[in-house]
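One chain, chain A, links the two complexes that follow: it is found with chain B in the first and with chain C in the second.
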Partner chain A sequence: MTKKVGLVSAGITRFQRRAKETGKELSYYSAKMALDAAGITRKDVDGVIIGSAPDAFDGVHQKHEYLTDGSGGYNLPTMRGYVGGGTGVFSPIQGWYCIASGVHNIVLITTEEKMSSVLPSTQAAFMTIFDNLIERPLGPNLIWIFALEMRRYMEAHGIPKEHIASVSVKNKENAIDHPSAMLGKKWTLDEVLNSEMLADPVRLLDISPVADGAASFVMMSEEKIKEFGISLDDVAWVDGVGWNVDTTMWTNRDLYYPKYLEKAAHQAYNMAGQKNHSPEVLRKWLSFAEPYDPFNYKELHHLEGLQLFGKGKAPQAAFDGITARDGDFPTCPSGGLLGVGNPIAAAAGMKICEIYWQLTGKAGKRQISGDLTRGLAQAWGDLMQVGTVFIARGGRVE
Partner chain B sequence: MNVRGTRLTNDEFHNVAISVDHAPEIQYKWATGVAITKFLAGLKEGKIYGVHCDDCERTVTPPRMFCEECFSPMNNYVELPDTGIINTFSVAYIRTDAVRIEKPQIPVVIDIDGTTLTPSGFLHLLDDVKIEDLKIGMKIKAVWKNPEDRTGDITDIKYFTGVEA
Partner chain C sequence: MLPTKRDQQGVPTTEVWGDFPVTYHYTVGISGEKFFEGLKNQKLVANTCNSCNKTYLPPKLFCEDCFDELTDDSYKEIKASGKLVSFTEVFLDHRGDKLSDPYFLALIQLNGTDTTFFHKLINTNNPTIGGNVTAVWNDTRSGSLFDLNGFQAE
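Showing the complex of A and B:
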C-alpha cells in the first residue's frame, strides 16, 4: 500500500540567458523559496532530489555533488536522477516514490540548469549525447534531429506549418504573464513563419531559448501535511506518474509518433484510476496540461502521445484556439519552454510548479478560470527517446 | 511569486564580469565493439551490413550484437544493398557548432533496402541533389570514397544521392 503524497509548495528563479549566480546559488534561491512557501525549514526535510541534465554544460562532472548544498542536501539522503530533457518531470516522480514507499516523509526537489558556461555554444555540449561511433563523425547538430522528426511528423499527417507555428504564438504570449519568463511577447503568425531559417523546417521562433535557472518544490506525506496544519487549498495530490524509454537507435524508430510517451501516459492514467484513455474522456478528466514544448511541433506531438488528441489531430486544435489559456483545453498556460525559457531540467521543473500553482489558485495573471481538478506535466529527453508524465489533482478533489 | 536571479548581458558576461576560464584538453579513443566493427569494416570494403534476428525474423541496420526486442544474441550478418529511401531529411543552414553556412548540409535518415523494420537505417548526408526535388520516399544510393581512401568510418560513404529514374 503506497502512501498518499502531496505537493505543498513551489519556488522558481528568473530564467535568463546568462545568470551571474552559479548553478548552486540558483538552486539555493528556488529551494529556499519552496521551503519558505511551505512554511518549513531545511531541518524538516528528510530527503532531497536533484534534477539536472548533461554535465557537459557546466564543465563540472558529477554536478549533483556540486549542486547538493544549494539544493538543501547537506548531510541528508540525496540523489540525482537524470533522463536528459525528461529530468525535470522525473525528479518529482522520484520524490513521489521516496514518500509513497515510506522511506521519507518530506522531500525537497530542485531542478537546475546552467547552460551559459559552455562556449562557443551549447551545441558543443549537445554533441556529446550523439552516438559516438557512427553519428558524431558526420558533425550532427541537435537542431538537425528535431528538424528530421518535425518533417516526418508533418509528412505523416499533412500538417500545415501555420498550425505548428500557432503554438509559438500562443506560448510566447502566455509567457507575458510569467514573472520568470525570458521571451514573453506577442508575435504574429507571419513573424514566426518568416523567422530565420535554421534547419528546414525549423526556424528560429519554432525553438525555445537556452537559459540558466532553477525550480523547486516540496512534497509531503498526508500525515505530515496534517501535522503541519497545511490547508488542503494549498495541496496538490500526486495522482499518477509514468515513464518509459525507447531505443537509443533513433534511426530505427518511426519518428512521426512518440510510442514511449504513449506507454508512459497509460502508466500514469492507470495509476490515477482513469481506465478510459480516449482523448475526449481524458480532456474532460484533466483540466489542463503542460506538455513539453522545446520546439513548437513537440507540444503537438506530445499531446498526441499523451492520448489527449488523436494522431495528427493536435495541430488543427491548437490553430483553432482549443489549447489557448481560455480555450476548452488549455496547454502550456505557463508560457512553456517557448516563452518562459529552456534551462533543461529546470524548464520541466517549471511545468511542475505551474501544475501546483494552477491547482492551488496561485497562478496570478496566468490563472485558468473555472474549477480545476487535475493537471498533467510531461517532459521528453535522452536522445529523443524518453517520456516522463506527472499528474496532480487539487487538494479537495477526490 | 518573487523570482530571483541576476541577468548578465552578453558584454558583461564576456568582458566585464569576473569569470574563470577553462579549456580542457581531453581526447577519446573508442573501440567500436563487436557489431559496429563489422559494420565499419564492411564500409571499408564498400558494403553495408545489417544483422538478422533469427528469433524475431527481422533484418535491421546498423547491426547490433543482440536484439533489443527479444534479447537474443545476433550474429547472422547480412550484406544489404547500398540503396534505400529517404525516411526524413532536413536542409540545414547551421553547422554542427551553430555557425551559419551558405551551402546547406542535408542530413537524412535512410531506410536501407532489404531491412524489415521501418525505418531501419542510419543518419547520413545527401549531396548532389536538387533541394526542390527532395521528398520523403525518394530513392537514394550511396556515393563511396575511393577504396584506397576508406578507413572503416561512416564517412567512407561520402554522401547519398538521388537514383536516376
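Showing the complex of A and C:
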C-alpha cells in the first residue's frame, strides 16, 4: 500500500537567453521560492531530487553534484534522475515514489538547466548524444531529426502546416501572462508560417528557444500535510504517474506516432483508477493538460500519444480553438516551451508548477475558468523515445 | 584565465572561458566491425533475429525485443536500395549560420529491413516520400559512414 502524496508548493525563476546566475544559483532561487511558498525550511526536508539534462550544457560533468547545494541537498539523501528532455516530469515521479514508499516524508525537487554556457551552441552539444559511428559523421542535431519526424507525421495524416502553426500562435500568446516567459507575444499565423526556414518543414517560430532557468516544487506525505496544517486548497494530490522508453535507435520505429507515450499514459491513467482511455472520456476526466511542446507539432503528436485525441485528430482541434485557454480542453495554458522558454529539465518542471498553480487557483492571469479537477503534465526526451507523464488532482477532489 | 566582461544579448556578464579537455577513441564494437567492414567492401550488412525475424540495419549484437544474442550466422548482405520514409532540407549549421549549399538528410527503409537508415539524399531537388532510392558508393572506401556518398532516386 503506497502513501498518499501531495504537491504543496512550486517555485520558478525567470527563463532567459542568458542568466547572470550560475546553474546552482538559479536552482537556489527556485528551491527557496518553493520552500517559502510551502511555509517550511530546508531543515524540514528529508529528501532532495535534482533533475537536469546533459552535463555538456553547464560544462560540468556529474552536474548533479555541482547543483547539490543550490538544490538544498547538503547533508541530505539526494539523487538525480536523468531521462533527457523527459527529466522535468520524471523528477516529480521520483519525488512521489520516495514518499509513497515511506522512505521520505518531505521532498524538495529542483529542475535546472543552464544552456548558455556551451559554445558554439547547444545544438553542437546535442550532436554528442548521437551514436558516434553511424550518426555523428552526418552531423545531426535535434532540429534536423525533428524535421524528419514532423514531415513523417504530416505525411501520415495529410496535416496542413497551418494547423501545426496555430499551436505556436496559441502558446506564445498564452505566455504573455507568465512572469517567467521569454517569448510571450501575439503572432499571426502568417508570421509563423513565413518565419525563417531552419530545416524544411521546420521554421524558426515552430520551435522553442534555448534558455537558462530553474523550477522547483515541494511534495509531502498526507500525514505531514496535516501536521503542518496545510489547507487542502493549497494541495494537489499525485494521482497517476507513468514513464516508458521505446527503442534506443530513433531510426528503428515509425515516427508518425509516439508509442512510448501511449504506454506511459496508460500506466498513469490506470494508476489513477481511470480505466476508460477513450479521448472523449479522458478529456472530461482531466480539466487541462500541459503536453510537451519544444516544437509546435510535438504538442499535437503528444496529445495523440496521450490518447486525448485520436491519431491525426489533434491538429484540427488546435486550429479550431478547442485547446485554447478558454477552449473546451485547454492545453499549455502556461504558454509552454514555445512561449515561456525551453531550459530543458526546468521547462518540463515549469509544467509541473503550472499543474500545481492551476489546480490550487494560483495561476493569476493564466487561471483557467471553472472548477478544475485534474491536470496532466508530460515530457519527452532521451533521443526522441522517452515519455514521462504526471497527473495531479485538486486537494479536495476524491 | 582572467575573467572577462561581456555583453550578451543585453545581459552584462562576467565570464571565464574553459573547455572539457578530453578526446575519445570510440570502440566500433562486435556488430559495428561487421557493418563497417561491409561498407569498405561496398556491401550493406544487416542481421536478423532468429526468434522474431526482425532485420536490423545497421546490425546489432542482440535483438532489443527478444534479447537474444544475434550470432555470426545472423549477418547477411542486403541490396542497397529501398524506400524514402522522410527527409529534410537543412539550411543552417550548428552555429545557426546559413549553409552556402543546403542539403538533404533522409530516413530510408532498405528493402528487407525493419528499421530505417539515416543518411544523405543526393542528386535531388524534389524528393518523393515512398519513392525508390538506391545507394551511391564512394570510389575510395575506408570503412566509414562516408563510404556511401548517400542515396538517390532510382
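Brief remarks follow.
Following the convention adopted for this analysis, the second predicted complex is superposed on the first by the 398 of 398 C-alpha atoms of A that agree within 3 Å, B and C clash if a C-alpha of one lies under 4 Å from a C-alpha of the other, contacts with A are read in each partner's own complex, and residues count from 1 in each chain.
Here is the rule we go by: a contact is a pair of C-beta atoms (placed from the backbone, for glycine too) under 8 Å apart; a residue touches a chain by one contact, two chains touch by 3 or more.
Note that this is a predicted model, so its numbers are computed, not measured.
Superposition of the two complexes onto chain A shows a clash between chain B and chain C. In the superposed model, more residues of chain A are touched by B than by the other of chain B and chain C. By the touch criterion defined above, A:G242 reaches neither chain B nor chain C. When the two complexes are overlaid on their common chain A, residue A:G88 makes contact with neither chain B nor chain C.
In the superposition on chain A, contact is made by A:M197 with both chain B and chain C. In the superposition on chain A, A:H61 makes contact with chain C only, while chain B stays out of contact range.
Touch criterion not met for A:G341: it reaches neither chain B nor chain C. Of the two partner chains, neither chain B nor chain C is touched by A:G23.
Overlap of the chain B and chain C interfaces on chain A: residues 16-20, 59, 116, 120-121, 123-124, 127, 132-135, 137-141, 143-144, 147-149, 151-152, 155, 197-202, 247, 249, 251-252, 255.
Against chain A, the residues of chain C that register as touching in their complex are 8-9, 11-13, 18-20, 24, 26, 28-29, 32, 35-36, 56, 58, 64, 85-92, 94-96, 105-107, 114-120, 129, 144-146. Those residues of chain B whose C-beta lies close enough to touch chain A in the complex are 1-10, 12-13, 17, 22, 24, 28, 30, 32-33, 36, 39-40, 60, 62, 64, 68, 87-98, 104-105, 107-110, 117-125, 136, 153-155. The touching residues of chain A, when paired with chain C in their complex, are 16-20, 56, 59, 61, 116, 120-121, 123-124, 127, 132-135, 137-141, 143-145, 147-149, 151-152, 155, 197-202, 247-249, 251-252, 255. Touching chain B in their complex are the following residues of chain A: 12-21, 26, 29, 33, 59, 116, 120-121, 123-124, 127, 132-135, 137-141, 143-144, 147-149, 151-152, 155, 179-180, 197-202, 212-213, 247, 249, 251-255, 357, 362, 364.
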